[in-house]
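Same chain, two partners: chain A is paired with chain B first, then with chain C.
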Partner chain A sequence: MNQLTLQLMNERARVGCKGPRAAEWLSGQGLAIPAGPNSYSFAPDAYGGLVLARLGSSEFFLEHDAAGDTLRRVAAGIATWPPGVYPVLREDCGWLLSGVAAEAMLAEVCSVDFAALDLSARPVIMTLMVGVAVLIVPLSGASDRQYRIWCDPTYGSSLGETLQRVIVECGGAYLGVTA
Partner chain B sequence: MKLMVCPLNGPRAITEFAYGGAVRPMPDPDSCSDAEWSDYVFNRAGSPGIKREWWCHIASGYWFIAERDTARDIVVGTFPPGARDAPA
Partner chain C sequence: MAPSRLGHVMRRLDPHPGEWIDRSLPLGFTFEGREYHGFSGDTISSALAAEGVTYLARSFKYHRPRSILSFANHDSNVLLCVDGVPNVRGDVTPLIAGMRIEAVNTHGGLALDKARILDYLGRFLPVGFYYKAFHSRRYFAYWERLFRRMTGLGQVSLHAVRRATPKRYGFCDVLVIGAGPSGVAAALAAARAGASVTLVDEGMRCGGSAVSHAPLQKLIDEVYQSASISVRPQTEASGCYADHWVALVDRVRLTKMRAKAVVFATGVIEQPAVFRNNDLPGVMLATAALALLSRHRVSPGRRIVMIAANLEAYEACLALSAQGIRVEAIIDLRSQQEALDADAEMQNCAALGMEILHSHAPYRAIAGPDGAVCGLDYGPLDPNLRVDSRKLRRISCDALLMSVGWAAAAQLLQQCGGKTRFCDSLQQFIPDELPTGTFAAGRMNGVYEIAARIADGERAGALAAAHAGHGRAGDAPVPRSTRRPSHRFPIIDHPAARNFVDFDEDLQVKDLENAIQEGFDSSELLKRYSTVGMGPSQGKHSHMNALRILARARGISPGELGLTTARPMYHPVPMKYLAGRSFHIERRTPLDSDHAAIGAVWMPAGNWRRPEYYARTGENREQSVAAEVRAVRNAVGLIDVGTLGKIEVYGAQAGIFLDRVYAGRLADLRVGMTRYGLMLDESGVIVDDGVVARLGQEAFYFTTTTGGSATVFRELLRLNAQWGLDCALVNVTGHRAAVNFAGPLSRDILQPLCNVDLSEAAFPYLALREACVAGIAARLLRVGFVGELGYEIHVPAGRAHELWQALMEAGRTLGLRAFGVEAQRVLRLEKGHLIVGQDTDGLTDPIEANAMWAVGMKKPFFIGQRSLKILAARGPRQLLVGIEISAAGRLPRECHLLIRDGEIAGRVTSILRSQTLGKAIGLAMVVPELAASAGELAIRGEGGEMIAAKIVPTPFYDPQLLRQKAVTAA
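After this line comes the complex of A and B, so read on.
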């Protein structure tokens, strides 16, 4: 097992929406809504699972394998402007950070102690990573934690190059696009 | 590292926050006098003491109210904007 790896996840499908009735509408689409703010639900499926993150109380970020059709259906529904549901353009750049040294690497680039997180609560972390606002979804892997890191695409190139340099300095490897 | 507790995101480094000014009730611009309006626009209370201020957690874009003792340079408490004990 590699101690530390970083993969690009830009090809994954992502959708956003917000509004006073967004939770109710998403629930009506058969999706599991996280009960609390800044938490996520994970629905395992044949495509590796769908992540639905609740940002604050009434905004949602969904990401899934592009081969799945769930987010295409959700995006088409949001585009019809259901009452109280507003689309949020999500073209985030994404990376998957994994390996037993992931928390040590994260300590180099942001000020949140990820090793102390209780993953059973499925927390979503919004913080600054080398000065860039990021959304981080920590997932429990088979033998280690995995962190899905998302940021505004205008900062993607800069953050990506920085993370590649840091991960090499930390003894890890950049694997490019997710297989 | 100096920390501030965001009501939504929890304790974070102070570098993750931006100051948004003092919490001050705005007079009605249609009915207040010019003196009242200019006092609201131009004058600030700079004396050290406990201040109620708007702060923003940059990474999440979440605005909240912090009560800060500027004489001792400590954060006394933080509140969501709609909290009962937050100032009007």
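After this line comes the complex of A and C, so read on.
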């Protein structure tokens, strides 16, 4: 088992929306809406599962394997401008951080105590990582936790280079693009 | 030349159980060019002391020889330059093989320091002398240089290699600061309650100064075995901040520790007695002598005299004697009656042959030929705590130890908001009010006996764990000590002074008394005027004695004066730890690699990196920029403008919202059109500008300046929350790429790639269209920032590369060139367009910027409107005008001054040479009278030369806007 690995996952499909009726509309699309703010729902499927993160009360971020068609359908629906639902363009840059030393590595770059998170509550963390605003979705892996880290794409290359440097210093490895 | 030795007064003793040194690992090093040896486990100071080096440093002001005082990082007597790193603290820095060590602040080496003559000139250098004597402007620079050369600490090398250090965030339920008896007990109690505990201590091991106590050792063993306790020795808590945020510095990194509760078991700091020559090498605190002896097996001397005022002094004498070290005499400042708390220890000391003299005090220490202590004059104390100099006796000694009192190490507690009060019976400040979630224990809390300290630690640890949500705890206090561990005035006057209160700053009793006499009679004023407590040790050994001197002068208690403010850092922290890895995060547009591929030369723009221009073989910078400008004017150019802020506003009241935040009218903007927007602050000052486009009845899209996007978005979110309008904001700055495709050929090249009609009739100037360009969903804005027919094309960031390549390919044979920021600056200046933040400043309003055309004063409300009405009534103080310079030669630079009749009449805000116009053009902020005159003016150039210029109307290029409106092309 790897102590620490970082993988780029820009190939995953991302969709966002917000607005006073966004939750209702997404629910109408058959998606499970997280009850509380800053939490996510996870819908397992043949493509590894769809993550629907609720950011605050009325904004949502969805990510899924690009091969799946659920997000294409959702994006097309949002583009029709349903009342009270506004599109949020999501071109985020993303990484998957995993390994038993992930929390130790995160402690070098982020002020959140990830080790203390209760994953059963499916929390979404919006914080700063080396000064960059990031959205972090912690998931339970087979033997350790995994963290999906999303940020504004214009910070992506610089943040990625920084994370790679820290990962290597912490004894981990950068694996490039997710298979 | 190396410092002198004197018969190895200090020396290494035979091995002893519990010593910290590993005699199987000898370490060689040099000090002042001479070779020495120590052992693994030594500090630099202990190794030098063991080698019999008499003195290790020179003092700050008088360059007096100095050696070990506290051996605990509580003084800065032993500051050294180690392998080129200045101001390393020898007392606490572990010895490493091969170290090259030099003294700091010497002129000619430690032994022959030429500046030691200052010790004889002391009467010409009273406290504050530089404030009074060297304030003449004429000679200030001379004196400043002289003082900087003669005083100070180590020199920082400007060629030092940068050492990046990792930084880390840490988390725990309970943080215990101090691993003495109370700290260890607190950590165990908290861990037993189920809390995760971090226990930090400056020392190399747990135990504090109580190193030979069997019950404590058992607790320490338990601490190391506990899975819930992380022990971090050699770790300083350097600063305490709000919400239990504590900066921890170890040998590798700074850890930003966030704890749910904090226990301060920081102990007490031993205080020196003050008497003449109390700084001689060989005069040291009793705790220093015991630490040298027990940890490093270094004997502090062969014949010792103890200056005593508490039980601990007698305990120290017995410990020394047990190791075979002779204690000649104990000079006790207290009467026999006052010393009864140490009655048993006194009897033991007397039985061992130590002479005990009560109600006596040191008068002056005597220096031997090598500068170290060789004797002591002492005499009886009168009721006013003065020594009767007619009844002096002399005793020979080679070490003079002091154990007269303690000061609470409460600085960290104070930093996080804790309050203290002075306890007369203990003669010590003790915690009074503690912030929520913080707890104090041990000697700092006024609990001195070791069993009580352990009990107090257990109490604090259990309370801290309960605060963190683990277990429950009562708050039965542990009684404070009833004996008096600190003397109320261990300070002896001497007519010849050199009785040092502050060893860092060479401050004597008379210095403080003189300052008080001059009116600096509060603790804060005294500190600032005399600099007491402002040296590297920040008053750890001097603050209490200075307070006592001030209190005596004013006839009050130290408690009525109070402690001065304690601020981080508790100990000096190397800057590298604060800098950490020094993350430098740079924003890059999605077209970054496309720019690099065609020779982009980068420039920073805020936190972005942007192409300044594109280098081509055979062209220099100026030629490349000029060619890029020509391409835009004559054919077509392509620039990445993805750095612009890009924000969307949705909702039924989106138009109303924008009408409030922008100065111009936007609610009536037609769908499919754009309009220039000017954003003001409450005082009417221009803070941002951009283009606002209407996507639909309830949807707007607007740009902000490159540097303003985050600030503007944050402010708009605040306003939206405040106003509660039915609209939502989305910041797509990084998610949407944008290019400006501009030039007379732009429409012809773009049309084949685009699925909408670009003709003038179908897509006029300032219109917006949502279309597909090269198969990519895009927003097209027909704008004219560079003064030509042009289209801003906004696409999702992930499609930017395709768009760029498609446009470059389409224009490849038609003279298309990518252009950078520098060419854009030329193009926009030719049009006279202002840049917010460059042509405006923090006071510029739209009236002064000639931008009132973009302001809708008749609107019911917009931010800055009320101020703007007032400003309009007052009239402008300056006006933005165009200027041109016809003469060849060196141009003035931005910010150079405009001069009229010998007075400053304005400043240049933008200037450059336009190849298109064949002259230099610029913008300038000038006084209104000058703007109205439209006449000649002069600009003071870089070398002071006056450059003739004249005010001209703007735009400089295409004033009828025919080109950007494509009138000629239509």
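Just so we're on the same page, the second predicted complex is superposed on the first by the 179 of 179 C-alpha atoms of A that agree within 3 Å, B and C clash if a C-alpha of one lies under 4 Å from a C-alpha of the other, contacts with A are read in each partner's own complex, and residues count from 1 in each chain.
Quick note on the criterion: a contact is a pair of C-beta atoms (placed from the backbone, for glycine too) under 8 Å apart; a residue touches a chain by one contact, two chains touch by 3 or more.
For clarity, every value in this text was computed on a predicted model and none was experimentally measured.
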Partner chain in contact with A:24 - chain B first, chain C second, else both or neither: neither
A:111 touches, of chain B and chain C: first, second, both or neither? both
First (chain B), second (chain C), both or neither touched by A:89: second
Chain B versus chain C as contact partner of A:154, first or second or both or neither: second
Which superposed partner A:55 touches (first chain B, second chain C, both, neither): first
Chain B versus chain C as contact partner of A:11, first or second or both or neither: neither
Chain B versus chain C, judged by how many residues of chain A each one touches: C
Chain B/chain C common contact set on chain A: 111-112
List of chain A residues in touch with chain B within their complex: 37-38, 55-56, 111-112, 125-128, 133-134
Contact set on chain A toward chain C in their complex: 18-20, 58, 81, 86-92, 107-113, 115-116, 130-132, 152-159, 162, 165-166, 169
Touching residues (chain side chain B, partner chain A) in the complex: 1, 8-9, 12-13, 15-16, 57-60, 62
Chain C to chain A touching residues, read off their complex: 166-171, 256, 258, 581, 583-590, 592, 608, 642, 648, 650-651, 696, 699, 728, 730, 732-736, 796-798
